[in-house]
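The two complexes that follow have chain A in common; it is paired with chain B in the first and with chain C in the second.
Moving on to the complex of A and B:
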């Protein structure tokens, strides 16, 4: 990347490591690199970023949004020579669906909410208006690329992204995302967790737990307090939306006879839940739903999923993430959940 | 057999909702009782914790009507825009059924009223078999609802403008209540077409202070909160009693016109707010910003933004308005984020300090001086030299109803064809 002394300096674009970075991050990085940009990514979430975000954003926003503010701030602080901040606008990728309203105006929310002085580079994904490629062409125009070049860049980036996506699953997701960032200061140090299960019986009573939630909650280890690793120390096998076979995402979800669901951001959650409520019921022992405090879509979807899980008698735990939640409380809750499930599962086997 | 139905009240809007169903054969309307603290509590208890407040309130209203009035069918509007409203009805129905209630919530589509999906709900409720008569009823009901809606908007607008001028405290409130009752019980379309005169005469009887320059505020925000006085602590009345002229920006009529794509006012506001919110993100966000800019340009003294706690679009609007203050947005603004925990006392204290702020601006800040313009309605009602109405009788009595009928009939005819094709299509798939 850092070839020395090439006179025309590359355009430097910063990506906040928050929200849909956890889903489309690789795509953005590939696309921006196709556009010959020098791509930098904000540092992994830290206490300071959380604090900055909470200060900049209004208090009622969901945690992921506050983090977004914090990450934009972190970018500005770390890279004063930034040419653009990349803030995408995800409206819909399906004609009848919408993303959460907060994604629809993300660029404006940041621009006017923070009084941002660095210009914003945006990519509009709006199936109601145009194809993805047109959004990329618009973006290319800002960077001074011709229609053909931008189109080509999009195709290449998309292809690479799709290849990568098919390889990503819950165990390598965090690492793959981290590898997009070349800054040596941003290496995420692996935290070591004490193995909770004694060595003697480790692996003898395994469980599989499905973690539902937005990718920016499930893979943001700082804010979910390393949920995945912690569950692993409890001898749990983890399943997430990313582990679910892509066939499950093809059929649309109906809430009941009349209502189609129309939220893009919740679509994959509902579809995954549907699979594990029916065909996949045997593959899981329990479900943890990570929701953000003050998240609009989650507040309703969680209710739906919870009620369905209850009728099928699948153990279910909701963890609400906010910037103040304490670690010990969460640890107790997941430990007691896992304990309860394990007892139920293996007691019934040993007694029969 | 007739079906007894009801719906959430949303303040005076219940009159318009009632008008929409009252004359539909096969349907008996039970008018929803006004919202109370107990209703809110009931709703909050069984709702998901973080859902937005209107969900809890309407759910409470349903439970109240099921338990205390034996009503089991409700009509609820849904809107599959980017926001939560589209999920209200199905999840509320699910919650109620899980609690063991026998209940049916019939959705009425309001995404885009020009696709006439909403007529389906009416057609489905009607028990008339002759298709022509069936459509005739639907047209009639729609007309009744639209006419009443427009008068509700007129009355509430005048209420906000006149209360701050009344000499005897309480006159305006009384007049408004009487007018609304009268409107609620009037079913003759010919009489309704002249109801504007009734309104003007009634308001003209209130004795007012003339030639005053009261503070002017815009009150707006999320529709349900703004229109349901119990929930917003009757903020319009509070301001009025403190001598502040209130311009209520929301009305059901305006909303419906917008959904019919003929609300020029809203189109104008969208243009104003475009740099800040380039597309409709649900709620009122885009118009809130528009109203704010317009209010600032027109020299208003203050702006009140009401919204449910955690409301997504309104919070987006708030973030932008707050972020741009005081430059370029200098119009004083106060936000009220409302849920079941909101206290009346705290709200009143804040409101009073806001009035103080506006008053001191009037005295010491040139941006707010000599900006007052008296609303034209005041002259129209109280200046006896101007005739009460300038419609010619030919126009209001003959032509308007006639063209109204014609227009509605034509669109209905088209629609009949369209629905026929649609239902065919449905069967094929």
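Moving on to the complex of A and C:
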């Protein structure tokens, strides 16, 4: 497509609602809108999307990746007139720190893994290529924009995103992400839950639970079986990485004297964990770490965080997510954790 | 012929365990002078249902164990009928008033809706509370049930950590049951066989399926049944400690709970592997710990609620429940692409005066969005 040949209708770009959509979704939508695109987002995860994803992806992949396949399929099924599928390539945002290889190769994985006929629009975010700006210019070129306009578009989108980010917290996060999707069929219905705590006692022994994990596990309520909502019905206040001040994230965490933290995607988890281990220890009663089955970095970081929590005697629970998980196993685990912490509180209240 | 024998051993298993637990339960001062308030704990798991009655002084008044048959609803009705019979036999049916019902186990919510329970707590908490009451010093609980296994770490009488088997049921009661019937020995003899073994055999215990093929292989090599069973016990203990007990500080006193704790071979294997003493609650209480805990928890809840808001009333439907029919219906919701299987439980109740039959929805669940949910 060259510059003079601007199509009469807006270019339609679809974003799969998976992986880093749960972190950078607003940024992508702002950027694509700066490029005059009509942005559509795949439907919230459903049983069909999980099934499609599991069918198309190779079985060794982690669940979030399988979901990504499912969401790309959902986009193609719902919007046959799609011009591009937007698949970003996240390489690094700090020098010497990298995202998981699955993020580095995401466009190719999907293109060849699904034999995609719709062209891919990609945005490379790479610390060695001036973070996102070069990627954005590259993207603008594909869409027929000049270097200057593309650069400007990126700056505007980034500024808007940063403004939004400062207002985000765990309670409005899901709604903010949902508001990006204008399709009325995609409204995520709020789920009702069994009230476990009797009305009269509710609110008398509130607990504060920190949920660690990748945003695509923490806010993907289908795959984590509505963890946040469930904990709220158990009279728990939720804290996540989004509630932690970003000043905490400036210094890299050193695992030991030789190695600095290498995985970008685990960095924020470790930093948040460190904050609540030290300064923020009084703010939490317990920690739940959500990890995806078959995630390499998670399996390492989980062990480190677990050891740290153990030395500080903070109750800690790991929940492993996969596409086959039944609800009952998870419910038993979280109810046990909450009961365990709450009984401790009762005891300390009655003994004092 | 052999099959028939197997069926028989299974049957004997359930009866013998039952009598074992019944023998010890009769409270000697069972001739109550006045009506006592009691709390009921029900533990309904994958294999069996356990019911226990506790009075306000925390004495165990009645208890029973039944193998699950059919659905949990049927089992719980059978359990209640049996409880009623036992109470009648002991002449105390009219001397007690059930003022609180706590449920635990994997079907805890279903049973809570059906019989009118007051609280439903997880097995972890129920087992821990029961263990603390049994032995206030307890620091570790090993619990192996019908289909799951767990470890609970307690420090100073408080649960500090726990873990459950994640994806695999190797080494739980059902697996041992299956292997026992395959080897043609009654499950309660399993332990004795293991203790009689003269040699060590290593069985691959990582996975139930592989363990079974390895057992067959070892049998074909000519090892005795005794050695193979001992090897299996060792493998299960290794598997348990490496998976469920991974990274946990297993300190004494250690309580071993759940039906599998009847197996002396496993107790020995645990003691040898840990180099520590493993205590099994006496008089068959090991299988009752969940129900015991549920009863203690509902008592605690009742007391706390009483203190906080001044009143407490149980939701228990009473033994009349035995005359009600329960019916479950399932359908697939077509509301969205999730296609959830929604299950409804209805209670049919005959009005004594008018003879009119009333149908009441007591529970409905299975949907992801909660639009059908009734609890």
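Here, the second predicted complex is superposed on the first by the 342 of 352 C-alpha atoms of A that agree within 3 Å, B and C clash if a C-alpha of one lies under 4 Å from a C-alpha of the other, contacts with A are read in each partner's own complex, and residues count from 1 in each chain.
Methods note: a contact is a pair of C-beta atoms (placed from the backbone, for glycine too) under 8 Å apart; a residue touches a chain by one contact, two chains touch by 3 or more.
Owing to the predicted nature of the structure, the values given are computational and were not obtained by experimental measurement.
Placing chain B and chain C on a common chain A by superposition gives a fit, with no clash between them. When the shared chain is aligned, no partner comes close enough to touch A:9: not chain B, not chain C. In the superposition on chain A, A:282 makes contact with neither chain B nor chain C. Contacts of A:336 after superposition: chain C is touched, whereas chain B is not reached. Measuring from the middle, so to speak, at the Cα centre of chain A, the directions to chain B and chain C differ by 90 degrees in steps of 10.
With both structures placed on the common chain, the touch criterion links A:304 to chain B but leaves chain C unconnected.
Look at A:100: by the touch rule set out above, it reaches chain B but stays clear of chain C.
Looking at the shared chain after the overlay, A:192 reaches chain C, while chain B stays out of its contact range.
By the touch criterion stated above, A:201 is placed in contact with chain C alone, chain B being left untouched.
Once you line the two complexes up on chain A, you'll see the smallest CA to CA distance from chain B to chain C is 5 Å. By the touch criterion given at the top, residues 43, 46-49, 189, 191-196, 198, 200-201, 204, 222, 306, 310, 313, 315-316, 320, 328-329, 332-333, 335-336, 339-340, 343-344, 346-347 of chain A touch chain C in their complex.
Against chain A, the residues of chain C that register as touching in their complex are 106, 109, 120-125, 128, 157-162, 164, 166, 247, 304-305, 308-309, 336-340, 368-371, 373, 375.
The touching residues of chain A, counted against chain B in their complex, run 57-58, 60-62, 91, 96, 98-102, 104-105, 108-109, 112-115, 255-256, 258-263, 291, 293-304, 307. The touching residues of chain B, counted against chain A in their complex, run 48-52, 78, 80-84, 86-87, 89-91, 93-95, 98, 107, 275-279, 281-283, 285, 309-313, 315-316, 318-320, 322-324, 337.
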